[in-house]
Amino acid sequence: MDIKEANGPSLTNRGRWGVDDDRGTLNFITDAARARGAAEATTGRVVSLAHPITPVPMAAPIAFAEHGMPAPVLQTLTFTGSPAPALTDVLLINVHHARSTHIDALAHIPVDNTVYPGIPLAEATAGGTVSRSSSSAFLDGIVTRGVLLDLAPGGRLAENHVVTADDLAAAEKRQGSRVESGDALVVRAGWVSADDPFGPLPTTSRSAVEWMAEREVCLYAGDIGDKLPDGSAEPPVLHDIGLAQLGMPLIDCLNVAELAQVCAEIGRYSFLFALGTIPVRGASGLPVNPLAIF
Amino acid sequence: MDIKEANGPSLTNRGRWGVDDDRGTLNFITDAARARGAAEATTGRVVSLAHPITPVPMAAPIAFAEHGMPAPVLQTLTFTGSPAPALTDVLLINVHHARSTHIDALAHIPVDNTVYPGIPLAEATAGGTVSRSSSSAFLDGIVTRGVLLDLAPGGRLAENHVVTADDLAAAEKRQGSRVESGDALVVRAGWVSADDPFGPLPTTSRSAVEWMAEREVCLYAGDIGDKLPDGSAEPPVLHDIGLAQLGMPLIDCLNVAELAQVCAEIGRYSFLFALGTIPVRGASGLPVNPLAIF
Amino acid sequence: MDIKEANGPSLTNRGRWGVDDDRGTLNFITDAARARGAAEATTGRVVSLAHPITPVPMAAPIAFAEHGMPAPVLQTLTFTGSPAPALTDVLLINVHHARSTHIDALAHIPVDNTVYPGIPLAEATAGGTVSRSSSSAFLDGIVTRGVLLDLAPGGRLAENHVVTADDLAAAEKRQGSRVESGDALVVRAGWVSADDPFGPLPTTSRSAVEWMAEREVCLYAGDIGDKLPDGSAEPPVLHDIGLAQLGMPLIDCLNVAELAQVCAEIGRYSFLFALGTIPVRGASGLPVNPLAIF
Amino acid sequence: MDIKEANGPSLTNRGRWGVDDDRGTLNFITDAARARGAAEATTGRVVSLAHPITPVPMAAPIAFAEHGMPAPVLQTLTFTGSPAPALTDVLLINVHHARSTHIDALAHIPVDNTVYPGIPLAEATAGGTVSRSSSSAFLDGIVTRGVLLDLAPGGRLAENHVVTADDLAAAEKRQGSRVESGDALVVRAGWVSADDPFGPLPTTSRSAVEWMAEREVCLYAGDIGDKLPDGSAEPPVLHDIGLAQLGMPLIDCLNVAELAQVCAEIGRYSFLFALGTIPVRGASGLPVNPLAIF
C-alpha cells in the first residue's frame, strides 16, 4: 500500500526531514514558535493535563489484600530495613494503557513493517529497544505554544461523533483562535476516555488529520483521539496517518476539564505548553504530565 | 531525638502548615513566585535538567544477549502481534536509583518511624502505597522561578568539599543573583554524580540547609547533594533535615552542564522552572525531567 | 520475648543443628526417610498438589483489555519479532500471594528482628537478598515420604475450627496411618483457601504444632494453615512457631482434593512426596507444585 | 514450506493426537511408562538437574549498589513493615534466559505463524496469554522413567560437535541402556551452556531428532541442545522440528554433572524423572528444577 499516493502528497512527512530524522512534526517548533509560547506565560498559573494514576500494589506490604484491575502503574513499596531508614519504590508501567495519559513515540505504529521515516522494523528494534523514532526524540523537552480547541463548550460531542476539519475550524472561529505552525493542538470533546475507554467515544476523521497537516501542528493531544483497535470500523487515522506517516506525536487520554474552565474564565485559549518526559531513551511511548502555563 | 530543639526552631517545618499538609516548602510557591517565574520565560529556549537513561532489556526480543548492570529503567519491548500492528513497552523503574534524575517525596525518609509532617510510618504506608506526603503532592506541576547557583564556574569543587552557607552566598554575590522565597534552588558543583555515585563527590553541610530554610526555597536540585548512605561519615543533612524536617523536596542527580553554559552565555541565572511529574499517586519519589525555560 | 522458655524446650529448634543451619526440620529427611518414600512409588500414578494460576497480562499484546484482580503471577507475553520467530514471557511473581500454592522459607517470618536459627535480620538481608535460611535450602529437592491426614473425610471441618493435636491423632487412627520422623505432613480440612482466603477458614492450634514437633515432621503442607494476619485473634502458630522457631517449612494453600480422592480410592494415605522448587537462591519463598507419586 | 513432506512422515506429530492436543510427545507417558519410572526409585537418593540462579536485586534495600548483568531472575526483597513482621519477594522471571534451566512449551516456536498442532498464532495468543500448547500442559506433573545418555563419559565432546543418531546409539550400547517409548531423554555432552551460552557448544543434528522421534521419547533435556539463534549456521532442529513439529518439550540448560557422577558410581543410567512445574497456565515456558530419583 502506498499511502502517500493514495492520500495525496500532504499526508506523509516520511522523508521530508531526511532519513535520520526522528522528530517528525516536532521540527515545526522553531525559535519563533517557542517565543510565541513563552509570550503566553504571564501569571504563571499552571494546569496539569494528566489524569492522576492510583497505582495498584504488586505485592507487599499487603500481599493478601484484594485489588481492582491492573492499573497503568503497579507499585512495590519497599521499606529498606527494619526499622526502615527509607521508603523506596519499584514501579511497573504499562506505557500505552488505555486509562493513562501518555505520549506515543513515532515508532509505536509500524506501517508495512517499517517505522517513521521508513526504517525496517527489524532494524528499528534491534537490541531489544527502539533505536529509531523512539522516546529519545522527546528528551530535550517539548516547549511551544499550545492552543485548546473546545469542540463542545460546556457540554460534550454526541456519542460516536466523528470530528472533521470543519469541527476544528468552527472551534477556531468561535474562540477567535488561530492554530499556527509549530503549535501543540489540544482538543476537547467533553469525554473522559480514561473513565470508559470502551464507551461510545467520539473519534477523528481523515479530514481532521489533513487539517492538522496543513496547519503544521507539532503534536496532537486530546480527551479523545482514535477509537481503540477493537472498538469500531472507523480507521484509526491519528495513529495510522498522523503518527506513522506525518510523524506527529500523539498524547492519548488527556485531562482537559480544568484547562477548558480556565480558558473560558480568562477568555484566552492559548498558553505555554511545557512537557518534560521522563528521560528514558528507546521506548515506544511514555506516561506524561504536560503542563499548560498561563 | 528532638531535632527541632537540637537545631533551633528554624530547622523543621513539621506542623507549620498543619497536620494535613503534604506539600511542605512547595507552599512557598505563591502567585507572586509563579509570576516571577513566568517573567523569566521570554525566548522559549529550553534546557532539560535530566540525565538520559538507556534502559536495559528485561527479556525479549533479545533474551539471549548480555547486558550491563541493571539501569534505573528496565524495558520489555513488545510486538503486539505477528506481523506487529504496534510496539508497546513495559517499563520497570527503580525510582531512587543512584544514577537517575529523580525527585524525593517527603515521605521518602522517615524520622523516628514518622514521616512529614509527623505521621506514624504505619499509617502513612497502609495499603501498600504511600498515603501521606507522597508523589501525590506533585501532581499539579511545580512551576516557579528557578535560580542556578554555580559554585565552581568553569570547573568543579574539590573532592569531598562540604558546601556551606558561605559557598551559596558567595555564588549569589558573584552572579548578582538573589534567591527569594518560593524559588527552586539549582546547585552546580561541577560533578556528575550519575557517572560515579560512589566517587569523592562534594556534599552538603548543615549551614547550607539552614541557608535554604532561611531563604524559603521551595525545592533543592543539584548535581550533588548528600553522600550516598554508605559513602561517608558526613550526615545526609539534605535528606534528614531538608527533606524530612523542612518538607523540602529534593531532586537528586541533576544534569546542569548545559544549564550552566546557557546561563553564562546569556548572563542570566534565573529562568522558569517547570516540572510535570508523571501523574502517579502514592509513590516515595519519581523519575523527573525538569525544564529550565528562558 | 523468650519463646523457648515460654513454650518449653520442644518448641524451638533454633540452635539444634548449629548456627550455620538453614534446613531446619528438613534435617529429619534421612536416607531411611527417603527410602521409605521411594517404597511408596509403585504404579507411578501422580497427583499435583498445586492450584493452577491463571496469570494476568501486564500489558501487550492486549494493552487495552480489562482484567480481574492482580493474580499471583503477571505475564508479559512477547513476540520476539515481526513475523515472530518465537514467543517468550516475562513473569512477575508475588511469592506469598494468598491464592498461590507456595513454600515459605525459614527467613520469611522474623522473630525479634532475627531469623532462624537466630541471625540478626540486617545480616540475613544484606545485599538486597536473603542470605540466610532462604529458598537456597530447597535447591536440591525435597523428596521423602508424604502422609495425608484427612481431618474431614468426604466433607469439611466446621467454620473457624481450630485444629488440635487430638484431631491429627484421630485422623491417624481412622486411617491406620503413622506419621514418622522425616515425613512431609499433608493436611486436608476440606476448605479451599485459594478460593476465599478471607473466609471463615479453620486454623491451627499450638497443640497441633507441638504434635508436629514431637513427630519430627519435615514440613507442613495443607489446604488450611494459619489465618491470614488480619483475619483473626488466633495467633499464627504455624508461622510464628512452626516456621520461625522449629524451622519447619510451610506450604500454604495446597490443593488436596484429588489427593484425598486417590488415597480413599486405593486405601493408602502415604506416597512419595517430590518437590523440586525453581532453582532461585536467596528468596523468602517460592511458588511450588509438589507431586504425590503412588 | 511443508516440513512433513520434506522430512518424511516421521518428523511431525501435528495432527497425530487430534486438533485439541497440547501434550505432544507427553502422550507417550502411559501407565506402563510411569510404572517403569517408579520401579527405578528404590533408595530415594535425589539429584537436582537445575543450575541454581542467584537473583539480581531490582531495587531496595540496596538501591545504590552495583550489580552484574540481569540474571534470569530479578528480585525485590521487601520488608512488610517497620519493624518487619515478614519478608516477602517479588520475582521477575525472564523465562527463556540462556543461563536458566527451563522448559519450552510447544507454542514457544511458531512455524509459518502457527503453533503445534497447527493453530494460527493469532488464535493461540489471543488475550495476552498463550491459550494453546502452553505451560498448561505441564500442570499435572511430568513423571516417567528418565535415561541419561552420557556422550562423553569423564570428558566432553569436541567444540562445535554435531550430535548424531549414531552418537546416541553408541552411548546406549556403551552403557547397556535402552531408551523406550515414553522415557525422558537426558543428554550429557560435558559442557555447561549456562556458563558460556555463546561459546563453541556442541549442537544437535537432524538425525538425532529422527532417532528421538523413532524411540518416542517424551521430552528432551540436555546440557546442550541447539545453538543460540545467532550462534551458528546449524539449523536449530530441536526447536524447529523436535519442539514445533514433534511436539516434544525441551528442557534447555540442564545441570547433569552430579547426575553423571551418580549414574557412573552406581552403574545405572535410569531413574524416576519427576518434574512439577510451577503451576502457571498459559506461558511459553517455565523455569524448572527436574529431579532424578534413584
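Letters are used for the chains, namely A, B, C and D, taken in the order the chains are written, and counting of residues starts over at 1 for each.
Quick note on the criterion: a contact is a pair of C-beta atoms (placed from the backbone, for glycine too) under 8 Å apart; a residue touches a chain by one contact, two chains touch by 3 or more.
Note that the coordinates shown come from a computational prediction; the quantities given were computed from them, not determined experimentally.
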*Labels of chains that are neighbours to subunit C and to subunit D*: A, B
_Chain whose Cα centroid lies at the greatest distance from that of subunit A_ = C
_Need the CA-centroid distance for the pair subunit A / subunit D, whole Å please._
44
*So, what's the distance in Å between the C-alpha centres of subunit C and subunit A?*
48
*Set of subunit B residues in contact with two or more other chains*: 57-61, 63, 79, 81-84, 86, 88-90, 92, 94-96, 110, 113, 121, 125, 229
*How would one label the connectivity among the chains shown: line, ring, star, complete, or other?*
complete
*Can you name the residues of subunit B that touch subunit C in the complex?*
58-61, 63, 76, 78-84, 86, 88-90
*asked:* Looking at the complex, which residues from subunit A come into contact with subunit B?
replied: 31, 33-38, 41-48, 50-55, 57, 59-62, 65, 73, 75, 77, 79, 83-96, 101, 107-110, 113, 115, 121, 125, 127-130, 136, 139-141, 143-144, 229, 272, 274-291, 293
*Which subunit B residues qualify as touching subunit D in the complex?*
56-60, 63-64, 66-70, 74, 81-82, 92, 94-98, 110, 113, 121-122, 125, 197-198, 228-230
